[in-house]
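Heads up, the thing below is written out as structure tokens.
Chain nomenclature is as follows: A, B, C and D, assigned in order of appearance, with residue numbering initiated at 1 for each chain independently.
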Amino acid sequence: MLNLDFHPAGRHFLQIPGPSPVPDRILRAMSLPTIDHRGPEFGALGRELLGKVKNVFRTENPVIIYPASGTGAWEAALSNTLSPGDEVLMFETGHFATLWHRMARRLQLEPEFIGLPGYEGWRHGVQADMIEARLREDTGHKLKAVCVVHNETSTGVTSDIAAVRRAMDAAGHPALLLVDTISGLASADYRHDEWGVDVTISGSQKGLMLPPGISFNAVSDKAIEASRHNRMPKSFWAWDEILEANQNGYWPYTPSTNLLYGLNESLDMLLEEGLEHVLARHQRWAAGVRTAVQAWGLEIQCQDPAVYSPVLTGVVMPEGTDADDVRRIIYERFDLSLGTGLGKAKGKMFRIGHLGDCNDLTLIATLGGCEAGLKLAGVPLKGSGVTAALDYFAGHSLEAAR
Amino acid sequence: MLNLDFHPAGRHFLQIPGPSPVPDRILRAMSLPTIDHRGPEFGALGRELLGKVKNVFRTENPVIIYPASGTGAWEAALSNTLSPGDEVLMFETGHFATLWHRMARRLQLEPEFIGLPGYEGWRHGVQADMIEARLREDTGHKLKAVCVVHNETSTGVTSDIAAVRRAMDAAGHPALLLVDTISGLASADYRHDEWGVDVTISGSQKGLMLPPGISFNAVSDKAIEASRHNRMPKSFWAWDEILEANQNGYWPYTPSTNLLYGLNESLDMLLEEGLEHVLARHQRWAAGVRTAVQAWGLEIQCQDPAVYSPVLTGVVMPEGTDADDVRRIIYERFDLSLGTGLGKAKGKMFRIGHLGDCNDLTLIATLGGCEAGLKLAGVPLKGSGVTAALDYFAGHSLEAAR
Amino acid sequence: MLNLDFHPAGRHFLQIPGPSPVPDRILRAMSLPTIDHRGPEFGALGRELLGKVKNVFRTENPVIIYPASGTGAWEAALSNTLSPGDEVLMFETGHFATLWHRMARRLQLEPEFIGLPGYEGWRHGVQADMIEARLREDTGHKLKAVCVVHNETSTGVTSDIAAVRRAMDAAGHPALLLVDTISGLASADYRHDEWGVDVTISGSQKGLMLPPGISFNAVSDKAIEASRHNRMPKSFWAWDEILEANQNGYWPYTPSTNLLYGLNESLDMLLEEGLEHVLARHQRWAAGVRTAVQAWGLEIQCQDPAVYSPVLTGVVMPEGTDADDVRRIIYERFDLSLGTGLGKAKGKMFRIGHLGDCNDLTLIATLGGCEAGLKLAGVPLKGSGVTAALDYFAGHSLEAAR
Amino acid sequence: MLNLDFHPAGRHFLQIPGPSPVPDRILRAMSLPTIDHRGPEFGALGRELLGKVKNVFRTENPVIIYPASGTGAWEAALSNTLSPGDEVLMFETGHFATLWHRMARRLQLEPEFIGLPGYEGWRHGVQADMIEARLREDTGHKLKAVCVVHNETSTGVTSDIAAVRRAMDAAGHPALLLVDTISGLASADYRHDEWGVDVTISGSQKGLMLPPGISFNAVSDKAIEASRHNRMPKSFWAWDEILEANQNGYWPYTPSTNLLYGLNESLDMLLEEGLEHVLARHQRWAAGVRTAVQAWGLEIQCQDPAVYSPVLTGVVMPEGTDADDVRRIIYERFDLSLGTGLGKAKGKMFRIGHLGDCNDLTLIATLGGCEAGLKLAGVPLKGSGVTAALDYFAGHSLEAAR
């Protein structure tokens, strides 16, 4: 029998950019007894959730909740709005944008993948001007959707979605705007309605602090209209039956009841604290972590300060150091999990998650583990990042508004 | 803030045919901290699970685990093996067979739905001879798959899948055999390999005693071969990438880590007890419950004793009684949830679940609640079902083999 | 390594008169992280608890909470108010009265033990007239305290404490009145102030639905005054330092923090429902269970209907049947734990607990297990107790006031 | 209703020298359903526990487990072995020695309290030569017991108990040796049998990583013999009935069942890892923390390196700084609880706990919080303690023997 308690004494530090640590309060909520998903209590739960969840997406429109993990919500967005053979414009911000592009091809779409070149291209956000230029060329409006990643989890870059909207409007192009904010929701500022997004895709295991297993599509009227006529075969992901059943708080098939208990608790926690406060917390943590990286004299993956991610920070290794060797040392010696470099960034950098159920001292511990591990790996450091971050946190208190 | 503790004093009796009550042992396993799904412990967990899970399907072939609820596994089976426009033969055993048929149409397949007529048709299992006859007619082999439900959750009928296999072989027809045993797995005898099933579909929230949220496809070589060439757009459900990542115990996208903890515990519980013993438990419970229904002088939904379900029993109301009124009284007065009549059985019957984490006295309580509720609803009863079931259980001990 | 999951499939029925089943809501509260018992949050918790707990004792006076199980609270009551050599009057209602008497002797008191004779004596409550008569004789007031058990857990008799108070007043005797309601609190009507009790002793694992581990002394001014001058060596149990530290919500030594989380939740549950409603629930359950025992044609241990316990019912076996054999059969065949006969009642009867986190169907299951087990043991039964209780519960709904 | 989730985002750092953080694995074990403490499973649990617990005390003799917190075990040790009026020799190592002395007086003993003078006296361990000298004077053997604290939780000094034993032997004095290792057990080296201790007192909420609520007396034959004749009134604490019931794994009164589940898990965790490895972990953590204090240029409370505690470290503030002001800043800004200065050390120092379910990075976080808080409080620091500790931990890996 496998012992699932993998870790030695003390608490494992899970500082990857998701799944993020699940607070005990949410674990407790998830342990409530499973109920009849066709009974009256479930309806009450469903209606409560479907109302509250709109707040974190900043939308007045419906939010669809899938009993499936985040990748499924990508597929749902594409398969509800597009038809086989449709052309779509996707922007390469990093590994997850690349995977989404790959999915589009597997779903028999014709995605066009634009972006800045090479690994260096992954160190910036979406270039709205490139999108605008491409859309202007598309005078026949063959491009049916623009697909971008808000918070690119593989790089630590949070792109400017409002700018993409403005670019589309400037080009006068009717394509749908589909945005992945799986790792941005409830950690980075996000505004579904204000930014005119047609489908927002998100997941549970990041800012919502839940285990993986449920995911989301926030939709616009225009997206719903598209879903009525598109020709992609769809059933599980189809919005129509879900939206209809959701009217009364139910789902057309079995929902993930216990994860929904967790979602309800998560939303209570976020809304009690106030979403603005939650976002400010993340910005402050990110600033502290960047201060440490700069004190070490290492490069941050994201090269444009305007789009630094509040959720995670990529730390670039000097030439000749394999970032995964550093990660392994840190893991084995300090029971700290960091995110690996993915795709073009493989081996070049590691990622520190600073999201969700976290606090200053957890990050000090994390930076401490990094600093010691970097030294053990022989990476030359300019100074102490831990003490720099400590000074930053001590000097910048979060005026708790609650 | 919504209070999720919906029930009055004492423990709610959830005796629907799934979700079944989740044992504390599984809830505790699910509360282990979420880990990095790309880290070394996850690989160990994945390999362990993917090996053990084969035992409950009785297969040597791969079993694919989806981070999505059971309806998704239906779609996975269809979208991996079939192409838009393909004809498939489906047998109407009840409401879930009907929903699966509806899904096939939404996925742009051409399903042919055969079965016995009317509501009475829902009181029997799959008629293998009808399938054989239809397949013999299909000399051009236009039917690409035969789709049947093993344990029809809406009626309490457990069809004879081996007979369907024999019928297909007798007809010499090359169609794939796709079987839904979402509510049969680990409660009713099921043999993926021996019965020559090509895709077995199952879910977590029934005999596996987990909350809903993960689901399964057990596959045959023939099914995998079909998936290499079929033309349904597929990505999330596609077997190829999952099978490849599973080699090392991982998934191509984020799995439902905490539900997988629960699955590991569930499999340990089932395999420690011994699957044969688990199945014998269910058969004995079902016999006790039917004894009660017969003592009341009411009809069992399933009219063929050879295919009585060990998982649930449908109880038919006399003419003029709305089964949902009875259910409501029982729910309100005795905090007991029973399954509603679905589709053609709406209002005609209710369903008693006797599966998973259950025991004799829980069923006595359940039958007690039914008996009192039936009387309160004015349904004339011939005798006491509770005492009949008590006598049955007392007279038929389960020789525990462990 | 010992597997602590002792039970087979399904939920064990723990129907002893305490420890009673702990509701999940309380288990979840108890799993909150342990905090610094000298920090500011602990003070807030302590003040909240010390205020709320008075409600269940119906007192305006202080209630002392010990990090020790109920037997400790017996010792606390004696050692705070009495001195070695003091004479006390104790009434033999059953086994627990006998154990308390034994404790008094071990603490070097001079207890006088009065009561009705033999095993039959254990089938009635406290005889207030016998106490009054004895107190009238004690013209020198050598008796310093009268000690009685409110709800005698070994017999299912709930004595009339108001009558004892009246007897003491009628005799004009200044002795202190010490009352054990370990198993009566929050299940049977109890009024510390109104009944003029000087020390009320209680515990956590009965009507409060907590695991064992904390216990209580509710005190009167007269008792506190006695504690200032008594000469029993005392430190851990001493009220003075606890009362002083309690002013601010703290304890002089380490309290049982996690059980106090549970107590807080328990009090919220009881007070949200309303204590009157809780007590009515218990009375109704007890009536249903007695209906079953009478239908079986068996005797109830308590022979005086005026003092039937709402918490438990003793079921007397016919001559020649060993009650513990019956209990063993029921335990082994039906996974149901019943209370054993204690002391003079050993082998003569068993006890059914109907308290705390319970409901109608749990009791139907319990009575079902008893009925089947009695038959298996060869005990002749007049009729079915289960169906009698079902009829009782169906015919007597609890008008839920909440 | 009081919200018991007192803390802001992320996990509270509870680094007081007990209660120590309870690992999830233990919390999960404690949430198992309460069972009948007179039933067969309880006996199995009791026998298992009573056997395993001897290992952590390093004794072959019985260990008594009380359903009461640690202070009760002090009283148990005194009340089982001594009689009112007995003279005992106690050594003042700090606040807890002082409280135990106070208890001895309240129990009508005649304790003589020796020690080094003043606050400075609290910066050293037990002086065995002073004990020897005093015992040599006591030619009439009026001193019935020597009472010392092994790990003084208020100062961070771990006294040499073997030396005390040698002193008593050298003096040829028959007094009993009573030792409090409430905060030392399972964290600091302790040997009940080898050191000839007569009663060892311990508790649950320190090295055993449990919530508070159970406590221990490990006893010698000589202590048991004394308990047969001593004249202190005793009942709840009396060893005789407990030892008798323990033969079969039971207790004479209701034990703390759920905490015993936790104890069973704790013992499995400690014995699986190996007690030697556990102790080595604590020594290494303590060395790392002291390295930090020295880097800050602050004084460690304990002035004798031979008796530095592996469990906690007292950090002395410079003249003019109130340690509780520093603690308050750290608590409010960094959600970190540290131990306050007690008694003579009030305001002069704070205490860092480094015990139980802890690891390097948790201590780095803790030292980070201290360092930032000290700076915010205006305490001048010589250098960074965090980086010193990081270097220490990186340079001294714990060769895990398991």
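Note that in this section a residue touches a chain if its C-beta (ideal position, glycine included) is under 8 Å from a C-beta of that chain, and two chains touch if they have at least 3 such contacts.
As the structure is a computational prediction, the values presented were derived from the model and not from experiment.
In terms of the distance between Cα centroids, subunit B is separated most widely from D.
Over half of the residue numbers at the subunit C-subunit D interface are used by both copies of the sequence. Each of A-D and B-D has its own count of C-beta contacts, and the greater count is at A-D.
Centre to centre, using the average C-alpha position, subunit A and subunit D are separated by 46 Å. Our note on geometry: subunit C versus subunit D, Cα centroid distance of 34 Å, whole angstroms. For this pair, subunit B with subunit D, the centres built from the Cα atoms lie 54 Å apart.
Each of residues 5, 11, 21, 31-33 in subunit D touches at least two other chains. Against subunit C, in their complex, subunit B makes its touches with residues 5, 8-11, 13, 21, 25, 273, 281, 333-336, 356-362, 364-366, 368-369, 371-372, 375-376, 384, 386-387, 390-391, 393-394, 397, 400.
Taken in their complex, subunit B has these residues touching subunit D: 24, 28, 31-33. Interface residues of subunit B, counted against subunit A in their complex, comprise 1-2, 4-6, 11-12, 14, 16, 19-22, 27, 29-39, 41, 44-45, 48, 66-72, 74-75, 79, 84, 103, 106-108, 203, 205, 211-214, 232-236, 238, 252-259, 261, 264, 268, 331, 337, 340.
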